[in-house]
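Below you will find the structure I want to go over with you.
Note that the chains are named A, B, C and D in the order they appear, and that numbering of residues resets to 1 at the start of each chain.
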Amino acid sequence: MSARAHTKQWRAGVLGATGMVGQRLVKLLSDHPWFELTAVAASERSTGKTYAEATRWHLEGPIPERARGLVVKDLDPSLDCDFVFSALDSSVAGEAEEQFARNGYPVVSNCKNHRMDPDVPLLIPEVNSSHVNSIPVQQKNRGYDSGFIVTNPNCSTAGLVLVLKPLADAFGMEKLFVVTMQAVSGAGYPGVPSLDALGNVIPYIGGEEEKMEAEPQKLLGKWDGHRFIDAGLGISAHCNRVPVVDGHLECVSVRLKKTATISEVREALRTFEVSEELASLPTALKHPVVVHDGEDRPQPRKDANTGHGMAAVVGRVRECPLLDVKLTLLSHNLLRGAAGAALLNAELLAARGFLKSRKAEPSEVEQATR
Amino acid sequence: MSARAHTKQWRAGVLGATGMVGQRLVKLLSDHPWFELTAVAASERSTGKTYAEATRWHLEGPIPERARGLVVKDLDPSLDCDFVFSALDSSVAGEAEEQFARNGYPVVSNCKNHRMDPDVPLLIPEVNSSHVNSIPVQQKNRGYDSGFIVTNPNCSTAGLVLVLKPLADAFGMEKLFVVTMQAVSGAGYPGVPSLDALGNVIPYIGGEEEKMEAEPQKLLGKWDGHRFIDAGLGISAHCNRVPVVDGHLECVSVRLKKTATISEVREALRTFEVSEELASLPTALKHPVVVHDGEDRPQPRKDANTGHGMAAVVGRVRECPLLDVKLTLLSHNLLRGAAGAALLNAELLAARGFLKSRKAEPSEVEQATR
Amino acid sequence: MSARAHTKQWRAGVLGATGMVGQRLVKLLSDHPWFELTAVAASERSTGKTYAEATRWHLEGPIPERARGLVVKDLDPSLDCDFVFSALDSSVAGEAEEQFARNGYPVVSNCKNHRMDPDVPLLIPEVNSSHVNSIPVQQKNRGYDSGFIVTNPNCSTAGLVLVLKPLADAFGMEKLFVVTMQAVSGAGYPGVPSLDALGNVIPYIGGEEEKMEAEPQKLLGKWDGHRFIDAGLGISAHCNRVPVVDGHLECVSVRLKKTATISEVREALRTFEVSEELASLPTALKHPVVVHDGEDRPQPRKDANTGHGMAAVVGRVRECPLLDVKLTLLSHNLLRGAAGAALLNAELLAARGFLKSRKAEPSEVEQATR
Amino acid sequence: MSARAHTKQWRAGVLGATGMVGQRLVKLLSDHPWFELTAVAASERSTGKTYAEATRWHLEGPIPERARGLVVKDLDPSLDCDFVFSALDSSVAGEAEEQFARNGYPVVSNCKNHRMDPDVPLLIPEVNSSHVNSIPVQQKNRGYDSGFIVTNPNCSTAGLVLVLKPLADAFGMEKLFVVTMQAVSGAGYPGVPSLDALGNVIPYIGGEEEKMEAEPQKLLGKWDGHRFIDAGLGISAHCNRVPVVDGHLECVSVRLKKTATISEVREALRTFEVSEELASLPTALKHPVVVHDGEDRPQPRKDANTGHGMAAVVGRVRECPLLDVKLTLLSHNLLRGAAGAALLNAELLAARGFLKSRKAEPSEVEQATR
């Protein structure tokens, strides 16, 4: 199935389009080969305005032309699109996503609310693409017709698990320590006050350690046709906020199941390669794990955009005196960890036939969004 | 022995007085009740100038009046003082400190060179004050007469071990993980370029992890009358540089020997109290470990000066899913981790009779430094 | 009138006590020789809680013991105190301050609302202490009995005018350019989002340029017994927010009325000295303008606390190719520019007999605040 | 003359290729349609190594493949190229550039040394392209054969003059104030220590104010066939270093010769458009001045890359109480202010026939750099 065949085949909506992650999605969709942004929705404060009026734009460059004039709708599940991304605040995401799914919309969510639901895939295509097979069970369980919910992990979990995957495949994995140094953009806008962030580190992010200790179990676990089987890892996480704009840095120590030399570990990371199917997705990288040889890398400000922000960059792979391997990893929290993650999930769903392009013909799309 | 009895009884010199740690020492000595700054020495570039001319002063407030006019000497062991602090660069510290010791000067060093020598105490008074008993052995080994070398640990080790001490005392300790987020002042001046530090984290500090994995073994070990017995801990350290001015933050997970509840651990930290002897030292705190109850503390910019920068501040004491206890700790890298550490060591040495006040009578001191 | 005579003679309340400026006032009052903090008030969200419960404390060290247990009251003008400081948000300050004044409370305000009122003094004791003579006129105009309102200037105006004063006195002044680089603490908490502040400058602060172009006219003008006569200066201000925690830096170019050499200008700044009366106020400095000789000073992080944050630090006094003199100045926005300014105003009012200590005897005070 | 016609027609060398500006040039040249990088030279420390070995790379993404293997030469004027860019340190640039010019190389310099020479053009193509006509006079004066020196202005002058140009054209200009807030990348690497930059502003940059007060006179002046006639502007500059990575922000107040409304001024800026000839240069923008309507823009971190870093972004155009117009402007100090400026100058020189492509045929180029 070639990219050309998909051209603008699906119409996408974005729930929570005015927030930090929503803006990234709007930007990424503006020149996406398969998806066309046809609807934006947000909390009541913004509805009725155009997207340009409603949005305090945080990204480099202007608001994409395609999005500027779209009228921001409320969260009623009657948007003119074939599926929705959800970048809603967690206070409203849970129910809104269910309503959209119940009304026939595939929901590709970045929100935490349904991640650990027993019938909702928590998905990183390069890690556990087979988990999409849980979707029919979810639909049956919940009485959804064509709608369903798929989620991506928490921003600090995404990069971690992507790096753990080749190690788990090659050597098995028992347990790990991880300490994060997370960028302020992960807290949204206005998010972290500058009086807290400037020249400081905040050694606490509400709920983050719990997510990092739980989500990898599901991501690295298995869907057995009926339910998700946890990976059974021991995980201990400490999460910190540092005065960095974009890019979560993580110090990790890992105990493997099989003995491996450091150079075998480095090789497993360096040669990690996705399948042909995945590599053909527009947002995917053939090699999503990049090993940096600099002794003082990866660094957030210099390396977060590696692979258009979709790579996990690994450095300082070395022996751990307590477990087996120590390393440092970095991933872009808003791309690999949020908007890019959701986009890649949607691409996988499209490639696997989970997204139906509804009624619309091109001319209708044009009219609908004029 | 009262503080009054000691008044200005000892004349101190500072080697490396123009650097970051040297400046802190000069400032701390300017109103010290026991020690009078009578000599400053530095690398050749500065010698012959007054201290005010030779120094790019980094601290708040002006250069202390007492120090301004002192002429900076070279590293020849003929300074007019009863003992010296060494805050030299490690490229010259090793030999210079030996020369001073050989020429009869007690050397209270902040440098790494002799820390792990088998007959040199690596000293934190609140942790292992009995290690000073190795001094006579050192003098005999090396043929030193009245001189000797005493060292304090690396800046990131100091706060860590101070917090481990009450836990090791109460419950025993097997192993620990530590990830540091260290302030730029720890790298000296000019140190870390702003192009590397701004909005960034550098996941590497040369030699730091090795120090953190080695020094606690000696600090928490024992002097058996002949040699130092390692504590036999398993330690794994990751060290990072963050854009913070002062204060090293550390995320720690610990395996204890005895089972303990979190509230027992917190209590052991909270009630940690030094002996009467130590509490009477001018720079000592009765309770050098401070437990902060805020869920997002300690924070470097807000808490590094706790206890005049001599406290280790602990927060977020909680269960670790892999080991037993997780916590976050903070200490001021230039005070508890360097200048204050050396000063406290000198005070202990004075109190225990290891510092002899030479020839000088007050009037002579006045003349010598006029 | 000695400090001793005043000891804890007046009971002070703080309106807006939980905000950034309010916290500074609470801290400054905790060891003030004349004033005792007996009441705190704030917006409705906080009322009924103790001060410790209601406040997210931003300052180094703990909340002062004296303040912790005070119950936060609402803005009803029935507080148990002899006068109030107002650090309220401007959305409520205007009316609240009038109500307190009408009910007999002297109001020492940091808020902008009444600064430019034709019968309210805008006061910097070192600059225009005679403006307090407008108070009886204000009371008569407004039918206030013993209450009245006195204000201090905007945080960026305070340091500027303090530096202009000796120049205006010595040489006269025609016009000036000023460009500010202001600290984030000037925007309160949460204030400036870190996503805007990190590694960035925001070239706009709402309403700030207007204040800086208007307030100096009144401050450097005269009270003629009936009304304030503007100084008639030409002023152009550009205001910027920089990623600095505390301390507003300002680049100024000035046209004087009389010809003066640069060394005469520097001398006028250096020798500026307040009267005996002012020098005896607890918060006053004998020399509130400090000239720093370093070619790259003043710098906010290093110099903002000069003179306990009550000095204006001047550097780089040099010729201006367009006007006469160029210089850079710095003052602490929360001390000289807000809380310290208000405190000094209150001290002047006390010294001049404008604050009456009401009914209270010590024992009553104790009971009232237990 | 189409871009195609020029394809890789000239072989470029970079002097000072390992520094901050040199790296930007190397990167910009890596995909330039006209110029091929065939030689890199630097100070002695680096010579003999490959560019990849000699360079501590500071830019996003890897070192361009084309440059990695080039052997770094010393500053001997025998490089294999048709012209050179000079990004040398000013301590060696003066003489080295003369030697290259004397040996037949056109030198396109970013260095300050020859900027104010009476026969060297200080060039911004959009501002004073006719100044290239001084080149034959320079060659005659100095006895250069085909070589010559052309310079671009200081990084903070570049953006300023670009914005002044349309105002000078439309209304004439008498005088101006400018206060800069300059990024740390302008100081090179290691440049500003983080201990000075973090949470701070440094109100001094050596020599910068002098450059800003002198260079615009030449840039906005005229070449009369024999010499440069100054623009005769009154200029006063204050220069500051702020903790920003890239992008110099400037607050400017201007006195025009003709009366103009603010909307006329804004219109003159907005409609400023370069000639067809200039617009066809690969690095040029049709509209190099971009007016941003946001009330708090331009901001360095968000807007410095506007127009690939070659635009000057203007905001907050408003009345000045003292002069006529106030505005804020931003330009990328390493692109518009250095590497991009030099590249654009070279493109103009190429388009006007000042660069001769020497002997080399494509196959030879390939060999020379293999």
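For the reader, a short list of remarks on this structure follows.
Here, contacts are C-beta pairs under 8 Å (C-beta built on N, C-alpha and C of every residue); 3 or more make two chains touch, one makes a residue touch a chain.
The shown structure was predicted, so the numbers you read here are calculated from the model rather than taken from an experiment.
Separation of chain B from chain C in touch steps, taking the shortest path, is 1. Inter-chain spacing, taken between the CA centroids of chain A and chain C, is 49 Å. With centres set at the average Cα position, the gap from chain A to chain B is 45 Å. Annotation for chain A: residues touching 2 or more other chains are 58, 196, 198-199, 243-245, 301-302. Contacts between chains leave no pair untouched here, as each chain touches all the others. Interface residues of chain C, counted against chain A in their complex, comprise 58, 184-185, 189-199, 243-245. Interface residues of chain C facing chain D in the complex, by the touch rule stated above, are 175, 177, 179, 181, 196, 198-204, 213, 234-236, 238, 240, 242-245, 249, 251, 253, 295-302, 315-316, 320-323, 326, 328.
Listing the residues of chain B that touch chain C in their complex gives 58, 60, 198-199, 245, 301-302, 305.
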